[in-house]
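In the two assemblies presented below, chain A is common to both, partnered first by chain B and then by chain C.
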Partner chain A sequence: MSSDAVRLFETRRAEQIAARRRQTALFGVVFLAAFAVSVVVGEVSLERLATGLPRFFAYIERTLPTLSLATLGADLGRWFWNFEGWLRLLFDTILIAFVATTLGVIGGFLLSFAAAKNLVANPWIHHGARRFLELMRTVPELVFALFFVFAFGLGPMAGVLAIALHTLGVLGKLFAEINENVTAKSLDGVVAAGASFDQVIRFGVVPQVLPGFVSYTLLRFEINVRSASVIGFVGAGGIGQELMFVINQFIYTDISAILLMLIVTVALIDLGCEKLRHRLIGQESLK
Partner chain B sequence: MSRPDSTRIAALAARYPGTIYAPPGQLWGRRAVVAGFFVAFLWASDHLGMSFARLLQGLQDLGIVASMMVPPTSAGFFWDYVHALGETLAMAFLGTLLASLASIPLGFLGARNVVANPVIHFGLRRVLDVIRGVDSLVWALIFVSVVGLGPFAGILAIALNDTGVLAKMYAEAIEGADRKASEGVAAAGGSKADIARLAIFPQVFPVFLSNSLYFFEANTRSATILGVVGAGGIGFFLADRIRVNAWSDVCFIILLILPTVALIDYLSRFLRERAIGVEPPAEALSR
Partner chain C sequence: MLEIRDLGRTYGPVTALAGLDLTVRKGEFVGIIGRSGAGKSTLLRLINRLVEPTSGRIVFDGLDVTALRGAELRAWRRRAAMIFQQFHLIDRLDVITNVLVGRLSQVGRLRTWLLAFPPAERAMAVEALERLDMAERALQRADRLSGGQQQRVAIARALVQEPDLILADEPIASLDPLSARQVMEALARINREDGLTVLCNLHALDVARTYCSRVVGIAEGRLVFDGPVTGLDEATIRRIYGDEAAIPKDAPQDAAA
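And now, the complex of A and B:
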């Protein structure tokens, strides 16, 4: 009797170990196959890597300006010769992110209630809203921007709308997930007092979800500033167009000057948003 | 919801100031912030050249585009599209793989509890900040001018950009690892390398794996657009077909991209739950 149990245990264990080994081997084979195919399709070779990397470091070196301590002011002046022009473009870039985030938040806010399972009983509505948000999220901003440049012409308006649509998709989904975590008790309470749908949203849901919404919005704004900086690659406004021009024309020191300004701006905005987030909702609720 | 008698509310509000209505200072402060935000939004929209007239005109154009999209056609380019899509996946796969491999040693070097020298980890963290601060599309553009057009530039761009993010995340995971295991290995006479290999690595490996898988998913999305700047993949065809207004081809390409991205999302989520040892919830599988 007891030896039966031991034997049963041993065979089961051997089976499990064998199954795990088979699985690991299978993953290994699939991984190696994917790697081999990718190397061929991706046109990768050690030779290209060996010649490419030194050229990349040489490229980076060439973008660095010659600065000497004796003539630092003049050197910096020559490096950032178009400082004011670039600053204006950076300002436009931030405005694009700001307007796009605002529009995206408005759209995402409205749709998030339709996409929340606990608020809308009709499966057609919340599935429809979910799929729509999914589509907006999956299409990259740059693709929307390509379309909108055709429809709205070159310039920031196309960029704003492209980033706004993508933001709507991302935030709508995140907001809907927050909505679904609202405690049922507060909803029941408002419903029991005879509230209509919009009153349930206003008094039962919004007070609970607002801190989460604000936090996600600020995070998204940071991301959108980055997106707005490259949306100009397809002619949709901001500093991207200038950046693409100097890279394509090999104006080396301008590349590093613009990128440096961009990095500092993005870092400052990240810092500001983080401060604001902590002040608005406190460090506890971030976890 | 019918309100209670308004005179009673007024009486209560007068007796307990700050409970029913916010104190006037706070109320007007909040209104000022909202009004300021609204004015800023309108000014920014106007500054960026946005207007309802342009919006309506553009929407009309988009309607025309949408009508020209059906029926989607490949115009004999089907296998070229499939190959380009394969390039996109290969770029995401190899880029993520390269970045993950490079991030393991960099993560250890950047972790305060492994490398005691503050100069090394502070310097490394700042270099990573700069790499991360530049969008992968910018890196792609730079790599196109360094190694030429094609997917190889895209792979390097993804690898470099992700190294900036992953190495930082890995370093943070290593810093958050339980120190007792390290002390145990040290007490048993282990060297620094032994501690890294035997005490820290087993703790952080699942985190590494799950992050890398998540990045593969995200990179598949971003790799679809790297072709816009000539760095290989389906983005090249997409941007090209939009530029020549071949809308039914555009529709076909988008219909190819969306299910591919969804498939990779599903695969990555599945593997991620495998890697951290959690059974995938039924909800994730049904999506």
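And now, the complex of A and C:
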């Protein structure tokens, strides 16, 4: 009797493993094919890489100022001649990221419940919410920014809106997935007491998902600071706008000065957010 | 009075409950027994309307429970308080807030979102905890409590719903014997002092014998016994638990699920 069960199990298991292998092999073939096509279409060639790479480094070299040990203070002063102005622009950039993240989180939070299959019985609502979030996610921030610069003019407002919409799309989906992992246990307890839909969310879902939401939000803020510095390229405010200007005007040493400040700022924010995130996650596991 | 007529629920090809008739008078303590998968949980969840019936009706004091929608349905759920085997508390919230979940249907939306319950509500919750000897723990997080303590918090949550019915789904199946006794005694006391009707799913027959005035046996989704505990002879037990279950005379002691 039981050896029958074992045999049946073993055949099924073998079938399952074989199926999985086939899938992996198929995936591998598709991946290689896609890679080959990309190389051809993208005109990736070692030759071009070989000729291009030195030019890349030459450009970087040209942006670097000449510093000498004897006159270091004065040299640095000349290199970072607009330190305060750039600092203010960097601050603007962080503000753009901050406001955009906040708006995106609010929108993503609200939509994530509608987009969670386990919370909304009506398929129209959760499919609708899903598709909307997808759309917001797939349109690149720069494209949104171009539209908004066209609509609202040059400046930070276009940047904020562009990043906020993209953030809403990304976080809404991530939040919805966290929501879908909520245990039915905590939902039942609240539903059975006669709570309304929003109360079920507040008590059955929010306490459980909040640590995850906070962690993703901080991660997104890091990413948004980077986005906010690039988004100025199309005129949507912040340090990017200045960077684009000095690049176009071939003010070489300004390029390196701004980039250096930008890299340091982004690195600091990454570090800060990471610390905060890990502390929050650590608290979770202590529970 | 709770009147259940021809109640049924199927899950695809599986019949969880079929053609069940049952009448429970106010103040009764009814034990529902049956083996695993018999349909006990389904029955209680149908009464609270966590599960929709595929046939039949449930009527409580003239109110057709099966027809309720929206706000009326939520009002009914408040009156038919559930207690679960796994407690179903919100782990990350403190005990008092967990009890106040029982008051959600009575408190304004905005206040509940801000967890700002009025003092009178908080007092009611503390008093309920006090009755279950749990007031000391009111400000602790729910997941810091032992199983027995969590179940007593869940009973306090049920109490503040000011229910007409208590539906307890194997409330002691994941508890040690001492905690199990405390929980059953709490239910018995509430039944006695408040005159609350209690329907309680149980695995262990001896527990049913100790606490229930009436026992309902379910096998494969059908009612196979309904009567006083004294009517539980060996033949009846075989009918409820099935023939192949070689049950010793004084029944399965182990409450584990």
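Methods note: the second predicted complex is superposed on the first by the 231 of 287 C-alpha atoms of A that agree within 3 Å, B and C clash if a C-alpha of one lies under 4 Å from a C-alpha of the other, contacts with A are read in each partner's own complex, and residues count from 1 in each chain.
The rule is short, and it goes like this: contacts are C-beta pairs under 8 Å (C-beta built on N, C-alpha and C of every residue); 3 or more make two chains touch, one makes a residue touch a chain.
Quantities reported herein were computed from a predicted structural model and do not represent experimental measurements.
Student: When the two structures are laid over each other on chain A, do chain B and chain C clash or fit?
Tutor: clash
Student: If you stack the two complexes on chain A, which partner ends up touching A:N181: first (chain B), second (chain C), both, or neither?
Tutor: Neither partner.
Student: Please name the chain, chain B or chain C, that touches the greater number of residues in chain A.
Tutor: Comparing touch counts on chain A for chain B and chain C gives B.
Student: Mind working out whether A:T71 is in touch with chain B, chain C, both or neither, as first, second, both or neither?
Tutor: A:T71 contacts neither chain B nor chain C.
Student: By the touch definition at the top of the document, which applies to A:V99: first (chain B), second (chain C), both, or neither?
Tutor: Only chain B is touched by A:V99; chain C is not.
Student: Touch check for A:A151: first (chain B), second (chain C), both, or neither?
Tutor: Touch partner of A:A151: chain B, not chain C.
Student: Does chain B (first) or chain C (second) touch A:G194, or do both, or does neither?
Tutor: Touch partners of A:G194: chain B and chain C.
Student: Just chain B (first), just chain C (second), both, or neither: which does A:M244 touch?
Tutor: A:M244: touches chain B, not chain C.
Student: Just to be sure I read the superposition right, which of the two partners does A:Q16 touch: chain B = first, chain C = second, or both, or neither?
Tutor: Touch partners of A:Q16: none, neither chain B nor chain C.
Student: Of the listed segments of chain B (3-11, 39-47, 111-119 or 201-209), which one clashes with chain C in the superposed model?
Tutor: 3-11
Student: State which residues of chain A lie in both footprints, the one left by chain B and the one left by chain C.
Tutor: The answer is residues 193-196, 199 of chain A.
Student: Chain B touches which residues of chain A in the complex?
Tutor: Spelled out, the residues of chain A in touch with chain B are 34-35, 37-39, 41-44, 48, 52, 55-56, 59, 92, 95-96, 98-99, 102, 135, 138-140, 142-143, 146-148, 150-153, 155-157, 160, 193-196, 199, 226-227, 229-230, 233-234, 237, 243-244, 247-248, 250, 255, 259, 262-263, 266-267.
Student: Which of the residues in chain A come into contact with chain C in the complex?
Tutor: 185-186, 188-196, 198-199, 202-204, 207-208, 210, 287
Student: Which stretch or stretches of chain B touch chain A in the complex?
Tutor: Residue positions touching the partner: 1-2, 40-41, 44-45, 47-50, 54-55, 57-59, 61-62, 65, 83, 86-87, 89-91, 93-94, 97, 129-130, 133-135, 137-138, 141-143, 145-147, 150-152, 155-156, 221-222, 224-225, 228-229, 232, 235, 238-239, 242, 245, 254, 258, 261-262.
Student: Within their complex, state which residues of chain C touch chain A.
Tutor: Its residues touching chain A are 48, 50, 71, 74-78, 81-82, 84, 86-93, 97, 101-102, 104-105, 109, 112-113, 143, 154, 157, 161.
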